[in-house]
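Several structures are given next for inspection.
The following pair of complexes shares a single chain, chain A, combined with chain B in the former and chain C in the latter.
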Partner chain A sequence: MAARILKTFLRARPSIITIKRFESNEKNVTLYDPFVNKPQKDKKTYLEAIKIFETRDTRRRGHVEFIYAALARMKEFGVHKDLEAYKALVDVLPKGRFIPTNIFQAEFMHYPKQQQCAVDLLEQMEDNGVMPDSEMEQMLLNIFGRRGIPLRKFWRMMYWMPKFKNLSPWLLPEKLPEDTLELAKMAIQRITSVDPEVKLDVWQTEEIEASLDKTWVVSAQSEVQKVLLAEQPSDIALVVKGPFSVYMKDQVVTYFTLIGKTRPEPKDDKDIDDVSDLQKPLGIPGFIGSTKIPSVKCSVHEQDDGTIVAVCATGTSSRDSLLSWIRLLEKYGNPLLSEIPVIFTLSAPSSDIAVQETQPAKQEETTKVNT
Partner chain B sequence: MNSLIKISGFWRNYRLYSVLSGNVNRQNKTKFHLTLCVSNRYLFWERDRKGGYDTSHKISLLDHLKNGFKEITIESKLLGKEIKALIETDPLLVARPGEIDLLWCFNEPNVLDKFVTTSDSDHNQGYSTCSLEMSSAGRALFHGNLDMRVPKDGRIKKAGYAAMRSQRIRKSFKREATYDWHLYNTLVLKVRGDGRSYLLNISCEGYYDITWNDIYHYVLYTRGGPYWQISKIPFSKFVLGSKGRLQDKQNRMRPDKVTHFGISCGDKIPGKFNLEIEYIGLEFDPTHEEEFAYEMYKTDKYIVGV
Partner chain C sequence: MNFVRKICTIRSQTPSTNFSRKFRISTKNFESSQATQPQVQDDKFDFEDLKVLERQERRKPQIKPFIKDVFISVFNKELLAYPEILNKEESECLAARVSALEKVFYDKSKTKEERKMALNKTKMYAAPVSLTNNGLAMNHTESLQYLEVIANDVSLGQEISDHWVGLEAVRKGLEAEQYQQIIDDLTSGDRPLKLCIKEKISERITQADFRTYAELDNQGIWRVTGEKVANSDSINGYLLVLCCLEGDRMKAFLIHPDASGVEHNGVFVNFKQAPATPLSEISEEELARTLAISRLHAATLCRTALTRAVQSCVSYIRPRVFSGKPLSELCTIRSIIGDAFMDIYASESTDYFTTGLLDGYECPDAEMEVAMCRNFMVDHGISNMLKLLAIPSLEQEEECKQLLDDIRHLAARGENLGSINMFIALNGVQHAGQNMASEIKQMRNPLYHPLFIFKKVMQNRHQEKDDPKLNLFLAEHLHPSLRPPSEQLEYCVLRMRYACETLLGRHGADVASAFNELNRLAIAGTEILAMTAVLARASRSYCIGLRNAELEMKLAACFVETSKDKVRRLIKEIDDGEYLNLDHFRVQFGRKMLDANERLTEKPIAKSFW
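Right, the complex of A and B next:
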C-alpha cells in the first residue's frame, strides 16, 4: 500500500503539484459587477455598492473578485485618490479568518489569493499617491496578522511615501485649482521663481481696443527685465516664442516668452589683485545711479539663446491674444515696444491637433538599436 | 523549489510574461507552461544581464570577422593611449571643493552617441516614444511622448516609460570598465525641464547576478520654463532599487564602481516631455558630511528583506 502511494507520488509530474498553489493567483473574470448600473458615478454610490455587497451575503462569497472589480472602477467613480474608499474596500475582507495560527501557515502564505488582493489594493493606492494611515494598519492587522504580506507592503509604504511626499522644491497643493486663470498664475509664478523680483500681472485684453479675443493675460516681468528690454537696439527684432508647456502635476499650462537679443558672454581678463586702479561702482541698474547696465551678463534672464524679457500665458493661447499681450506690455511700462519690431515664431496651436484616443490598429515595426 | 529550477534550466525561453512576440506563444504549448511562469516569478536567478530583452545585432559570421579585423587597429591605438596615460598622468587624489568636474558636456552632437535611449515601444510593451537630439540652443534635448496605454496582450499591467542611459565605458579590446567617482560626493546637473519630475538612475552592476539590477535612484524635479536650473544631488540621498522596486535593506551608494548613468521619465502623466541638458558633472562638497540619508530599523526576523 505504502509503496503504491509512493509510486503515484513519484509518477506525478512536478507541474501538477506545484501549479495547484499558484493557479488561483490569476485574476479571474468577474461575473457580477454591481458598479455597472449605477446612474450617478460618485463617491456616495461607490460606497453604497460596497455596503450592498457586504450586507447581501453573510459569507461574502467572491469578495476577492469584488475587490478587484471595485479597484478597476475607482477612476470611473472619481475615488482613486480617496483614502476612505480604499478603507471601505479593505473592510470587505473578513477579520480574523486569514491570520495564521502556526508557523507553517505563516511561512507558506496563508490565504494567498486574499493576501495578493490586499497587496494589489495597496499598490494601487501607492500608484495614485494615497498615503495610508494607522487605521488602515489596524484593519490589515485584524485581517492578516503581523506576518501577513500586505502588512509588509503597508510598512514599506509608510516608510517611503512620507519621505518623498513633500520633497519637491516647487511643491504644489494637493488639489490644483479648477480655474485655468489661477492655474496659469501658479505656473507662471513657478517658472519665474528664479528671480524673486518678478512681478505678476493679470490683464484683460479688453483694454486693447483692436483685440479680437477677449480673454485674460498673465504676464510676468521684473524691473531688470524692463531695463533689458529698454536696452534692446531698435533695429533688432524681439521674438515671441512658443507655445511651450509646463506641467503642474497632470495639468499642462502653455506659456510664451518674449526673447530679446543675446547679450555677449562676460569677458573678464582683469587682474583682480591689482588695486592700483579701482573703479567707482556703476550703481544698480534701474535703482541707483545710471540706468545703463553693463554689456556683460549679470542677471538670470540673459541666457545664451537670448535674453528673456517677459513671460506670459493667455486664456486662449491664440496669436491675437499674444498681440494684445505685446500691446499691454507697451502700455504698462515698456514704451519702447512701439518702436521695436516683434516677430511671432509660433508653431501651430496644439489644440488644433486631434488626439487619437483609440489604440493604433497596427504598430509599426520599429527597429531601434540598443546595446 | 528544486524541481522548478531544473525545469526552467533546460527550457530556453525562460522569459514568458513580458515578451510579446508570437513565437514565444507558439513554443509554449508544453505541459510545463504554468510551472515555468511560476519559476520565473518566484526565483531571483538571472540568466543574462538584459533580463531577456534581446537587443543584439544579428550579423553574419563573415561580417563579424571583417569588423573584428577592422577593430584591431583601433583597439591597439586605444591600448597605446592607455599605456601612455598610465605613464604620464598622475592619479587624481583630491577633488577641489566647489569645482564641478564635467562627466558629459552636451555641446557637441558626438557626445550624444555615448547615450542610448529606450522606451516601452521598443519592446512592444507600450506606446511611448523618445529620442535624444541636439536642441536649438545647442544642448542635448531628451524629448518624446509618454503614453500610459497598456497594450492589450494580457501580460502587461503597466506601461509608460522612456529612458536614456550612458553606454558602458570600456578600455581597449572591449574590456569593460567602471567609473570611479569616489573623490566626489555630489552629482550636478544643469537642466531645463518642463515641470515634470524625472528619475536619475546610477547603475552599479557587479559580477554576480543578484547585483545586475542594482540601480540607485533619485528624483530630479524640474521647475519648467525658459530658465536653466542647476540641481545638486548628494550621493547619500540615492536609494537602492532593483528592477524598479525599492529595497528593504538599503545601503549607501558606492561611487567607485559605477557602470551606467541614466535619466528616465515615467511619472504617470501622459503627454509630451522635454528635458534639455547642458551638462552632467560631479562635485566634492566638503560641507556635506551625511553618509546615508535613510535610517534603517531593527525589526523582527523575516519581516524585512524577505
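Right, the complex of A and C next:
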C-alpha cells in the first residue's frame, strides 16, 4: 500500500499537483439557493434554512457549495455578526470524515476544498469581528482533527482577536443602539471624555419657540467650560465649527463645537539654570497657593486654535438646530450668550459663513432669514 | 548628569588633622570640642536699669540656620550639646506651675470649667505676655512644658495654642497704645484669641487660592470679607484673620468679639464687611515666623495624644491573658509599644532641641525645624496610633474612636503633611541653591565647563557608590559609646548635599514642581533633625547621669539605625529618578484614575471570550 502511494507520488509532476490544488479550491456556487425564497429575512429563517439542508439529505451532498452560498447571504439576513449562525454553518460539515488518518493525509491537505471552505468561514468571522468560542474549537476538532488548517486558523484568531477586542479606550456595547439619539449621546460622551467633569444634557429644540427644526440636541459642557465662556469678551465672536465626524464602530455621528477665545500661553523667560534665587513659600501655617487668579491657559479645553466651550450633536445637524442649541445653552446657565455674537462656519450648508448677532427672541426670525 | 558625578576632587583638608583623628590623638581635638565644653560667663548686673523688672533672656549670638545648612552638608557641631535654656529658679517656678496644672488636667473627674479656672489661676492665658503686663514672659521651652499637661484636654490644648500664638502676633503687630488697651481683656481667659487663616480649596478656575480680603471704607475702617475654616467650634472670642490686600500683600487683622458681619457656619466662619484692626507693625515674614510656632504646639498636642493611646493600650493589655500567659508577654505587642515609645522619645527630643534654638540664640532662623517637628510627630503619630489601636481591636470602641479622631483632627488641623513638607523642602532647596548656584549652572551646561565636570566626577565618586567619606567627625562631640550612630548621622548629613545637587542639577529652577522628589527630601531632612536631637539628648543624659540614661542610649542608637535606613532609601530614590523609583508610573496610574469615570480594570473573573 505504502509503495503504491509512493509510486503515485513520484509519478505525479509537481506543477500538476499545484494546479489541481487550486482547481479544487474554486468556490462553486450551487444553482439551488434555499435562501432566496425566504419571505422574512432574519436569524430564525436563516437557521431554519440550514436545518432544512441538514435534514434533506443524510449524505449532505453539496455542503461546501451550500456553506459558501450561506456565507454570501449572511449580511442580507443580518446574521453576519452572530456567532450562533456561524456555528450552525460549521455544524453542516460532517464529523470525523475529514480527519486525516496518516501522516501524508495530514501533511498534504486532506479534503482541501472542505478545509478551504472552513477557513473562508473563519475569515469572514474575523472580518466581522465575531469572536469564536471553545465550542467552535471542539466542532472544528471533530470535523478536521487537530492537524487541520481550519484549526490553525482558529488558534491564530484566538491569539489575536481577544487582544484587539478591548484595545479601544472607549468601550462600546456589543451591539450599537439603533436609536440615533442614544448613538449621539455615546459619541458626545466619547469626545468629551477628556474632562470627566463634563455634563451631558439632552434638550428638545421645541423649547425655543422660534426654532424651525423640531429635533433633539445632545449638548455637553463642564463647569470649567461655563466659566471660560463667561470670560469671553463681548466684542470677540464665538464660532460654531463643524461638522466633525466621530466613528462608533461602523456608525458615524456628526458633532459641532462652540469655540471661544484663547487665553495667552504662560510666559516663561526665566533662566532655568540659575538657581541662586529660587522662590520659597511664605510659610504662614494654613496659607497655601496664591492670592491671584491665573490669567493664562491652564485647562484641557484651551487648545491652540481656540477654547472649546461646548460640544453638541443634533438630530438634523442643520444650522437651525445649531441656532437652537446656542439659545438652549443661553437658557441653561450661559446667559452671556445673549450679548456675544456667534459665527457659524459650517461646511455642510452651501452658504459658508453666517454671522448671527444673538439678540432677544423677537429678532430671531429676521436674523435666521439672514443666515 | 551622571557623567558629571563621575569625577571627584579630594577635599582640601589638613593631613595632620586627619591623621590625628584617625589615630585618636585626643589632645589634637581640643579646639573642635571646645564648643561643647561648659563655658563660664560673667553676668553683668546693672542695678540702675529699670528693665530688670522684665525677664532677662540669656541668648547666645546669632548662629547660621542649623537644618538649612544640613541641606548643603554643613553641620553645626556646637548643637550636639543639647541646649539648656532654663536656670534653676526658672525650672523650679515652671515645675510648680506644671504640678498645679497636672492636678487638674490628669484628674479625669474635673470639668472643662474647672480646668479653665486652673488655667486662669496659673496665668496661662497671659503666659506669653511680659511681666509688666501681668504675664509670665514664657519662652518656647516653657510653653511646651505647659502644653504637654494642658493637651490632656484636646480642645483646651488647641485653644490655648491658638491663643498664645495669636497673642504674640498681636503684641508684635499692634501699636503699643492699642495693645495696652486690649491686653487685659485678651488675657482674662473669657474670650481667647482664635486663628482664622485657612480657606476652602477653590472650586472654580476663576477663584484665587486665597480670597479673604480687607479694604478701607469711607470712614477709614478696615473691613474684612471672606470665608475661613475655623479650627474650633465657637467664635465667641477675638479672631485673628489673615487677609490679602491690594497688590498681593498679606496682613493679619484682629476682629473683636461681637463684631458685626461675622457668622459661624459649621466649620466655616463667614466675614461680611466685618470691622477689623490691622496688625500693621508686623511684617509678612515676622508674621509667618510668629504663627509658625503653632506647628510646634501641634507636635506637642499630637505627641500627648499618642502618649494617651499608649497608656490606654497598656492598661488594656496588663490584666489580659492569651493562651494562659499574660498578653503583655507577646513580642508583637511589646514591639508596637516599643515603637511608639521610641517615636515619642524622638519627637520630645526634637521639639525641645528646636525650642532650644528658638530660645537660646539671637534672631533664630528655625522655621524649618519647627515645621519638621510637626511633620515628624504627625507622620509617625498616625501610623503608630493605628497599630496601637489595633491591639484592643473593637473592644474599646468609643475610647479608640476618640483617640483616633483626636489625632486625625490634630494632623489635619490648619494644614496638611504635604504642604508642610513642601515648605520644608523648598526652603532647604532655596538655601542650597544660593550656595551652589555656580556649580549647578556649570553642571547643567557640561560642554562649556569640561574641567569642572571632570573635577565633579572625581569629587562625587564616593557619593555615587553611596559611600561618602565621613569627614565631619561628629563622634568627637558625643559620648564615645555613640560613635556608630553618630557615623550613621554623619552619613545622612553628607548625603543631603548630594541629594540637593542631584535635584537642582536635574530640574534647575523648575525644582519647585518636582513635588514627589521634594517630599522625599523633606522627609529625609526631618529624620536628620530627629536623629541629631535624639543623639544629643541621649549623650547629654548619659553624661550628666540622668535616671535610665542607658535606656536612652539604646533608644537613640536604635532610632538612628532605623532612621538612617529610611534616609538612605529616600536619597537613593531621589538619585534614581522617576523611572527607577517608579514615581512616573504611580503618577500615571493616579492620573488614569482621576480621568476615568468608570472602573479601570476588569474584575478578576472577567473573560473576553468563552
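Here is the rule we use: the second predicted complex is superposed on the first by the 304 of 371 C-alpha atoms of A that agree within 3 Å, B and C clash if a C-alpha of one lies under 4 Å from a C-alpha of the other, contacts with A are read in each partner's own complex, and residues count from 1 in each chain.
Note that in this section contacts are C-beta pairs under 8 Å (C-beta built on N, C-alpha and C of every residue); 3 or more make two chains touch, one makes a residue touch a chain.
Keep in mind it's a predicted model, so treat the numbers as computed, not measured.
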### Message
After the superposition on A, what does A:Asp250 contact: first (chain B), second (chain C), both or neither?
### Response
first
_In the overlaid three-chain picture, which partner chain does A:Asp274 touch, first (chain B) or second (chain C), both, or neither?_
second
Review point. When the two structures are overlaid on chain A, which partner does A:Gly96 contact: first (chain B), second (chain C), both, or neither?
Key: neither
Margin query: A:Gln303 in the overlay: touching chain B, chain C, both, or neither? Say first, second, both or neither.
Written below: first
After superposition on the shared chain, which partner residues are touched by A:Pro233: those of chain B (first), chain C (second), both, or neither?
neither
Who does A:Pro173 touch here: chain B (first), chain C (second), both, or neither? neither
Open item on the list: Contacts for A:Pro39 in the overlay, against chain B (first) and chain C (second): which applies, first, second, both or neither?
Closed with: neither
Note: overlapping chain A surface for chain B and chain C spans 193
In their shared complex, chain C is touched by residues of chain A numbered 131-135, 158, 161-162, 165-166, 193, 196, 223-224, 227-228, 230-231, 270-294, 298-299
Seen from chain A, its contact residues with chain B in the complex are 13-15, 18-19, 22-23, 127, 147, 152, 155-156, 160, 163-164, 167-170, 187, 190-194, 244-250, 252, 255, 257, 300-301, 303-305, 308, 311, 359-360, 363, 366, 368-371
Counting only contacts in the complex, chain C reaches chain A at residues 195, 197-198, 204-211, 229, 242, 244, 248, 250, 284-285, 287-289, 291-292, 294-295, 367, 371, 414-415, 419, 422-423, 426-427, 429-430, 433-434, 436-437, 440-441, 444-445, 504, 508-512, 594-597, 608-610
Contacts from chain B onto chain A in the complex sit at residues 3-4, 7, 31-32, 34-35, 38, 55, 57, 116-118, 121-122, 124, 127, 136-138, 149, 151-152, 167-168, 194-197, 219, 221, 223-229, 246, 248, 268-269, 271-272, 294, 302-303
